[in-house]
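Listed after this line are the structures, all set down as structure tokens.
Here come two complexes built around chain A, the first alongside chain B, the second alongside chain C.
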Partner chain A sequence: MAIIEHMGVFAMTPGMGVMWLISLTLMYLAIHKKYEPLLLLPIGFGILIANLPLTNLMEPGEGLIWRFYHYGIEWEVIPPVIFLGLGALTDFGPLLSQPRLIFLGAAAQAGVYITFFIATSVGFTLEEAAAIGIIGGADGPTTIFLAAKLAPQLLGACAVAAYSYMALVPIIQPPIMRLLTTENERKIKMIKGRKIGAREKLVFPVVASVLIILLVPASAPLIAMFMLGNLFRESKVVERLTDTAQSSLMNIVTIFLGVSIGATMNAENFLRQEVIFIFFLGLVAFMIGTATGVILAKIMNLFTSNKINPLVGGAGVSAVPMAARVVQKMGMEADKKNHLLMFAMGPNIAGVIGTVIAAGIFLTLLG
Partner chain B sequence: METAVDIFVNGITGVFIGMAVLYLAMKLIALVSAMRTGPEETE
Partner chain C sequence: MAQDVQAALAGNVWKVYVEVGDTVEEDDELFVVEALKMEIPVYSPCDGKVAEIRVKKGDTVEEDDVIAVID
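Right, the complex of A and B next:
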């Protein structure tokens, strides 16, 4: 009977079964463990439906999810729109009150480039290595933006690695930060920065956009939208736009982003030895980024009397605000009165900018 | 064609240059703001 011949059940492959298990694991982690549920849940479901046979959901030019993927991600729409929302949620105050902390966000990008170098030496192409290295920036939209342009075949693996490790920041970072700091260093109380006026906050996104885009034009889609979102917020005259950017709009595109990313992970693409390397190298990038931030903070302390608690350097990997919360928790473990959250938000936000610049440089040199 | 070493060196240098420029911009914004508002608004 023709209807039986067209049933998907007879076209199942063992690889699809394995992908179902991966999908169910991600959905379990999202629902029960609350690991980045906003992304891992749609990604998990996207994997499931992409690994159901004969659906054509990802058929180029035809499939529903392919359209989300093509117009949303390949056309570079969704990651910049998410950045618009992130900008609307960001307060640059902590960074503006202590500008020197921006260098901690730069130091954490060493993880990106060192991992890029390692990835090329184990056989990945330069483009693939860039997509893997950027996982260390701990910034999902930037990882997706770069991987979609340079190594679309690795997009799913890189995105899942980035979001998984972002969820695991409270587990990955503390041992590294403990290893690189002494008890006394963790007890360092930082001096509060100056008060930041509304005018400074208003001017910064405009100035930062111009400067960054002049230096690294390829970073324009992400930086421009990030700073526009922030300008909405700081202008205080477009509250409806600010609210939309930071909530409804971001939620809508997150749905399309998650499902599309998940749907790129079919068994053929994903069940390869390289994917294990990608996850391993992504972890390495994360760990190096954490370490280099802490180490730079210690180096900066050699030249200043106004000491930086080196834990704050660990927040240089973006993962906003999770990494900053880890710093706060570790600071309070060393001294219950040591509140580091607001100090850590500076390098945390700087890490976002640093990762976008790093991605822009990759695109400039490899795109 | 760029090599991995070129990209590594250019990348790290580029990120630090970008951040240094932003650092200077933040300092400049703070300076201009302090000149316009007077010292009472800064701590």
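Right, the complex of A and C next:
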């Protein structure tokens, strides 16, 4: 009889059943709709196994997935390792050739801060509000990094919200960008910036690390790894390291990241009213960020004859390179020979750095 | 008068729709360049005949590279 008592079937709760449905939905979206499959698939499966009773998978000190979570995320190992890979993938050329577009990446962070204040005013603690606001930066690893430190109980919800909205960038952003721009503005062809030489690209990660980390030391884990990856890339002498950082290593840690984030989402933690708020506020953050980027571009146009196509401002939220693709697509809809992709990559990458800095500021003030 | 067809963006040549000798019209789609997983069409700048094609499928192009010449 003992074996029957230890069967999970009898320990199922209705909440677990609901979580199974959420898990299956995420796996469906990942596989059939290709919504961020690299993350949502392991997250979806992680949710399923975390909501099977009596497994102890997430039992502190003994569970398998708990170990992944503890040493990977609580110890802040995985998000910085992902940033190493992102650095190795990033070409700072577009950002350096039009430095004024960095402001658009900064403006889009307004979504993060505004949502932080909205979230505190509806009753979230400051730490929770920071984790929710950062969703608006549309950067997965940064959201995970910050939520794990400030509000681990919300980690699963914040991560899923961030990755879902990143996948939904092509649906969420265009209506806002269309609303805020005229047909003629969308047709603006931008003048190319100067070409960036190899030496500038080589010096940039070193100088940027020093400057950013001196200003916001709490951003160091992410910025240092990001710039190290970029230094690998631009040095052109360690191609093996560049390759490993941007492919194998990133893929390996992504597996452990996805499954352990999914596993933090048990019924008790996730099926709460606040989670609906988190998804709603995260979306608000993201929409505000899109809008403020576009609006700043329009304001900058008042002061310059070298016009900026305001669509480019929409790429100031990170979501690299999805947001830049949206800009390219909308620019081509207005004029099929208008190519904004590379212009949009500047604010897009600046947006990543801006979000990391925002996370560093929250950590400094609240951590 | 010969006119150059330039790649608007750095990327990989994904599709080549024309051959040397083909007659094309302005705004015909000549190539597709893939950049950041986006397929970006390259259109003909004018009416004419394709005099030269300097890339093939899979080639890497830089921004402003001349990839074909229309006569």
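As a convention for this text, the second predicted complex is superposed on the first by the 367 of 367 C-alpha atoms of A that agree within 3 Å, B and C clash if a C-alpha of one lies under 4 Å from a C-alpha of the other, contacts with A are read in each partner's own complex, and residues count from 1 in each chain.
Basically, a residue touches a chain if its C-beta (ideal position, glycine included) is under 8 Å from a C-beta of that chain, and two chains touch if they have at least 3 such contacts.
Being a predicted model, the structure only gives us computed values, none of them experimental.
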If you stack the two complexes on chain A, which partner ends up touching A:33: first (chain B), second (chain C), both, or neither?
neither
With both structures superposed, pick whichever of chain B and chain C touches the larger number of chain A residues.
B
Is A:236 contacted by the first partner chain B, the second partner chain C, both or neither?
neither
In the superposed arrangement, which partner chain does A:126 touch: chain B (first), chain C (second), both, or neither?
first
Give one of first, second, both or neither to describe whether A:109 is in contact with chain B, with chain C, with both, or with none.
first
With both complexes overlaid on chain A, does A:6 touch chain B (first), chain C (second), both or neither?
neither
Residues on chain A lying within both footprints (that of chain B and that of chain C):
192
What does chain A use to touch chain C in their complex?
192, 321, 324-325, 328-329, 332, 336-337, 339, 341-342, 345
Chain B residues touching chain A - in the complex, by the definition given at the top
2, 4-8, 10-12, 14-23, 25-27, 29-30, 33, 36-37, 41-43
Can you tell me which positions in chain A touch chain B when the two form their complex?
95-96, 99-100, 102-103, 105-106, 109-110, 112-114, 116-117, 120-121, 126, 129-130, 192, 194-195, 197, 199-200, 203-204, 207-208, 211-212, 215-216, 350, 353-354, 357-358, 361-362, 365-366
Residue ranges of chain C in contact with chain A within the complex
8-10, 27, 35-38, 40-41, 43, 63
